[in-house]
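Next come two complexes, and both contain chain A; in the first it sits with chain B, in the second with chain C.
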Partner chain A sequence: MASAPQSSRVEAGGSAERLRDLLMRQDLVLLVIFIAMIGVFSAINPRFFSLPAAANILQDFSPVVLMAIGQTFVIASKGIDLSVGSVLGLSGVVMALVIRACNEAGYDPSLTIGLGLLAAMAVGLAVGLVNGLMITYFRLVPFIATLATFGAAAGLSLVATGGVQIAGGPQAVIMLGNKAYGGAFTVPVIAVFVVIAVSWVFLAKSRFGRWTYAIGSNAFAARGSGIDVQRHLIKVYMLSGLLASLAGAFVYFRLGSGSPLSGRGGELSAIAAAVIGGVSLHGGSGKLGGTVLGALITTAVLSGLIMVGVEPNWQQIVVAALIAFAVGIQSVRGPSAGGTS
Partner chain B sequence: MTARAPLYAVRDVAKRYGHLVALDGVDFSVDAGEVVGLVGDNGAGKSTLVRVLSGANIPDSGEISLEGTARHWRSPQDALAAGIETLYQDSGIAPDLTVAANVFLGREKLKPGLLGKLGFLAEKEMREDARRELERVGIAVPSAGRPVSKLSGGQRQAVAIGRAVAWANKVIILDEPTNHLGAKQSAEVLEIIRQARSKGLGVVFISHTLPHVLEVTDRIVVLRLGKVVANAPTSTFTPDSLLKAITGLA
Partner chain C sequence: MKLKLKVLIGAAVVGLMSAQAVAQDKKLTIAFIPGIASDPFFKAMEIGAKKKAEELGITLIWQGSASEYSPQTQLPFVDSALAQGVDALILVPTDPDSLQPSVAKAQAMNIPVITVDTTVTDQSYLTSHITGDNVDGGKQAAKTLAAQIGGKGEVFIMSGSPTGTTNVLREKGFREELTANYPDVKIVDRQYAYSQPATATSAINTALLKYPNIAGIFAIDGTSGTGALAALRNSGKVGTVKLVGYDAYKVQVDALKEGVFTALVAQQPGREAELALEYAKARITGKDADKIEKTVVIPNVVLTKENLPETEKYMYAQ
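Up next, the complex of A and B:
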């Protein structure tokens, strides 16, 4: 039995390094920022710390976090998905059209809503499949491929609706989307929390998540290890499309209608939430907990600014500053300090 | 005329890219418990031959045989499944993943029962197994749960090679494994290669660093412009004669 050579030992971190790792954990830093933010807004306007305000933030947070979860998987694989905002809009109007048609045909409300939801999900999966195929088989860079579907999906929503909102669903739609339990939790909001929990575990604990990080970290090594990288990337973009379509369904339930203009700029909110949450654009890292906090912070800060009387036009600038700050932290810490589990 | 088929061999392999002839009727073989050095100048065809041996490239013509049986790799997965591991130059490791995740990359162990069917990873088991497998090939890893990016260059390479040696059960192909390593770390890599040989693996060692090739190999194959120009026991080469064989200058 040969003894191991000394310098190929992989050293364990000392306690000082562990402490530094703890301070470097972006999710903890974000939690502190979030709590401090709530404190500041509540001090200026006590109504910010109330159930109605929280309910409102949750309604804004839900579609953003759904898109941001997909974005986390995509960015961890070293890609980007610019199509999510348009997919939100397109899946929302397709859902609205299907539900209106079923409603007019006199279908049962639950069946009508179910078919609408399936149609929305099919739209998201289809756009994700197109993204994935363009990126893998036609070798387009993700930025360009998803920019193309971003434009195409936005255009399709306008063509399908003639540019107007589509209502005409059964009364149950509005009930489902707006009846709040415990003052803040509608059925769609609860569903979003379930999606968050499942995706969290899926990214951190499953082989799918592991391969996503591996491809983002070193696609060549992943391929050499026997992973079917193309197939996996197609699944990742389909997941992102599916989550964006659920965001579309969420907005439909909230408003009771599908607008072709819904989701405009949604890709930026989603990317912002993920990046603020510590997902590195270099790929290979990022945790879902960070993304959820990122989405919470970006939506709460917008709501808080309105409640403390800041002019709405300043909001974009504040979000832009948050993104710059988060990316700045990332580059100071180096490309792979985020960790993966 | 050999009475017994070599462990892993290619015969009369040709590969061209357009007008460029990368391999032109190449014979190459490695036996169990043998370290074969593959050397040649840039553009001699080394990388193409490595890709053919690892299943990443399908040759235009020629035969591949493992333990005397003809094989046709359609992808690297085919060769991996047959026990042929390849460590590509500078790229065998995903730096953001932990040591254990890298060792098990593409071959993850799943939890038993329903959780496993849902794709849940048996994280703890993989960490323990990774540490044991790496120790078995001579690399001590106190913390298999650290991201590889936190390791030094030499340690990363040790993990990459350890991973390949641990998984290989027939042949291991190492493309420039001592590149960018210091003298001490290179010596450790060469020691791992010797251990792989003593375990009965066939080792293909590709390197530009001729002293390493002369030190660790049993036999050297020299490629020049897509052809084998020398194939002889290492003891018959001197540094000078090896360099002459590579460059073709008298």
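Up next, the complex of A and C:
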């Protein structure tokens, strides 16, 4: 039983190792960029180098990194998930509606929050399942399948709310989202770190991760080696949906209300974070550490630009330049390294 | 026999009369095309319009783009309303020039047009234009905020986007009022939320770090307001930083009661819609047509915790 997967792993080992070396360096490059960025911003405005500023960045970073982790799995399987931003919005408002209803019915606050969280997660899993089924059984390309759910989920959140904010949660919700331990770590932020750790194990150390890479590098070969590709891909999209719904829950806790407009454009931030982190859109590669750094850099830079007083309209141009730069060095290095070894 | 005939004639006359009455009372069909159907502001307008339509016995066609505030997405709705041959068209033009041809088309078909909230460049054919006043709203916000921070200190503007005309006008009014009458109030920065409450939250959190002396914030639209609420709770500055918001959705009024918002500038979307329907009916039937005003500016109302007992009725329906 162990022998077949064992051998395929060994075969894949050579190229995986080369890739790993490459991506190791991408990690390092990103770390250098990140530290340099912090240095520059702090030099211009010392207030940037402070605990409250870090706490602020962590709040921005969390939803992006959650979606970006899902994206890392999806892109490693040679797919793309455009629905994550809309799933963030939809799961946030469903959570808000459930919590409001439970609160009005007089349920205990922790039960209320738990039920809301479950409802949000159910939304993410359901959208992920639909994505997976469309891609595997109906043979839609991931771009189109997830573009469809992107629109549907965005529309549903407007239908469900009538376009308005949904508040009406118990005070405990606001406490949970805003009470920081050690100055920066709210319960949702701590939970995000746990998710990052679990996802890292999932991607780097488990069969789930190996299969994801195998399908991404060559789905045909993966099927030949006995992987149930369809089933696995469905799971990958469900994971992405689940993580996006956790991002929705995070934003809900932060704002204390659900907005149908939340998450708009989030898919692009998530893809940008993953790609900056070194995940190749060609599939079969990508490491979680890179994605986490990618998300950290893209969110910290926005906060920093406000701190140093860059005009709002220039901010997005600076971020775009940063993306081009981070991905640029990666692809300049990529082909030559691939050619030599 | 004679009696029978009389009864018959009588019945026929009554029948004819009632038939005529039916024809006269033919239900009017009026199309109302909002800027974007999914926006809560237009939702409040829709509720006002539907209530009024029922009251006036009007068949209301409420149709608009669900996704985008733009002429490209709005035009198909306007065209199909005109093609249906409605009795009047009430329109929130998403662009003053792009919707001009639609007004010309309505004119050719002899369909009266009323614009609400925004308008078209050439208003000569319009029955009326009913609007709120965003520059005035900005001024009201400036007056209120300046008073609440004691006439001096640093303030911050959280805006929605650099292209939204309503945002731009509110900001203009806000700046004009401060420059003219409050020399000691200084605007330290302005950021954009781009429809994302969480973006507003982090922008405000960051601004509060950068400018620790910020005494007041003007949150220019609903999204900015939601973000600002979270930011003040987040940084523990509820009450110490005065927060003036725009619009009066339930969530915002609740936060006003709680003391996080210190004031709200409310428009009257429902009132705008009601008046538009009244004018449309008057224009078609000729009854009360002399009461129609060519341009109506519906005033803004400032809600504070203190005046809430009188002003809570301005909370938007949802």
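Here is the rule we use: the second predicted complex is superposed on the first by the 305 of 341 C-alpha atoms of A that agree within 3 Å, B and C clash if a C-alpha of one lies under 4 Å from a C-alpha of the other, contacts with A are read in each partner's own complex, and residues count from 1 in each chain.
Following the convention adopted for this analysis, a contact is a pair of C-beta atoms (placed from the backbone, for glycine too) under 8 Å apart; a residue touches a chain by one contact, two chains touch by 3 or more.
On a predicted model such as this, the values are computed, not experimentally measured, just so you know.
K.L.:
After the superposition on A, what does A:Ser285 contact: first (chain B), second (chain C), both or neither?
P.N.:
first
K.L.:
If we overlay the two complexes on their shared chain A, which of chain B and chain C does A:Ser83 touch? Say first, second, both or neither.
P.N.:
neither
K.L.:
Touching A:Gln71 in the superposition: chain B (first), chain C (second), both, neither?
P.N.:
Once the two structures are laid over each other on A, A:Gln71 reaches no partner at all.
K.L.:
In the overlay, answer first, second, both or neither for which of chain B and chain C A:Thr298 touches.
P.N.:
Neither: A:Thr298 stays clear of chain B and chain C.
K.L.:
Tell me which partner A:Thr149 touches in the superposition: chain B (first), chain C (second), both or neither.
P.N.:
So A:Thr149 meets neither chain B nor chain C here.
K.L.:
Using the superposition on chain A described above, determine whether A:Lys205 touches chain B (first), chain C (second), both, or neither.
P.N.:
The first partner, chain B, only.
K.L.:
Which residues would you name on chain A as touching chain B in one complex and chain C in the other?
P.N.:
No residue sits in both footprints.
K.L.:
Touching residues of chain A toward chain C in the complex: what are they?
P.N.:
Residues 45, 47-48, 50, 52-53, 56, 59-60, 63, 154-155, 158, 162-167, 174, 177-178, 251, 254-257, 259-262, 264-265, 302-303, 306-307, 309, 312-313 of chain A touch chain C in their complex.
K.L.:
Of all residues in chain B, which touch chain A in the complex?
P.N.:
My answer: residues 76-77, 80-81, 86, 88, 91-99, 101-102, 105-108, 110, 118-121, 123, 135, 138-144, 146-147, 149-151, 154-155, 158-159, 184-185, 187-188, 191, 195.
K.L.:
Show which residues of chain A lie in contact with chain B when the two form their complex.
P.N.:
Of all residues in chain A, those touching chain B are 2, 4-5, 7-13, 202, 205-208, 210, 213-214, 216-218, 220-228, 283-285, 336, 338-341.
K.L.:
Using the touch definition from the top, list the residues of chain C that touch chain A in their complex.
P.N.:
Touching chain A from chain C are residues 38-40, 43, 66-67, 162, 189-192, 194-198, 201-203, 205-207, 209-210, 222-223, 226-227, 229-230, 233-235, 249-251, 254, 318.
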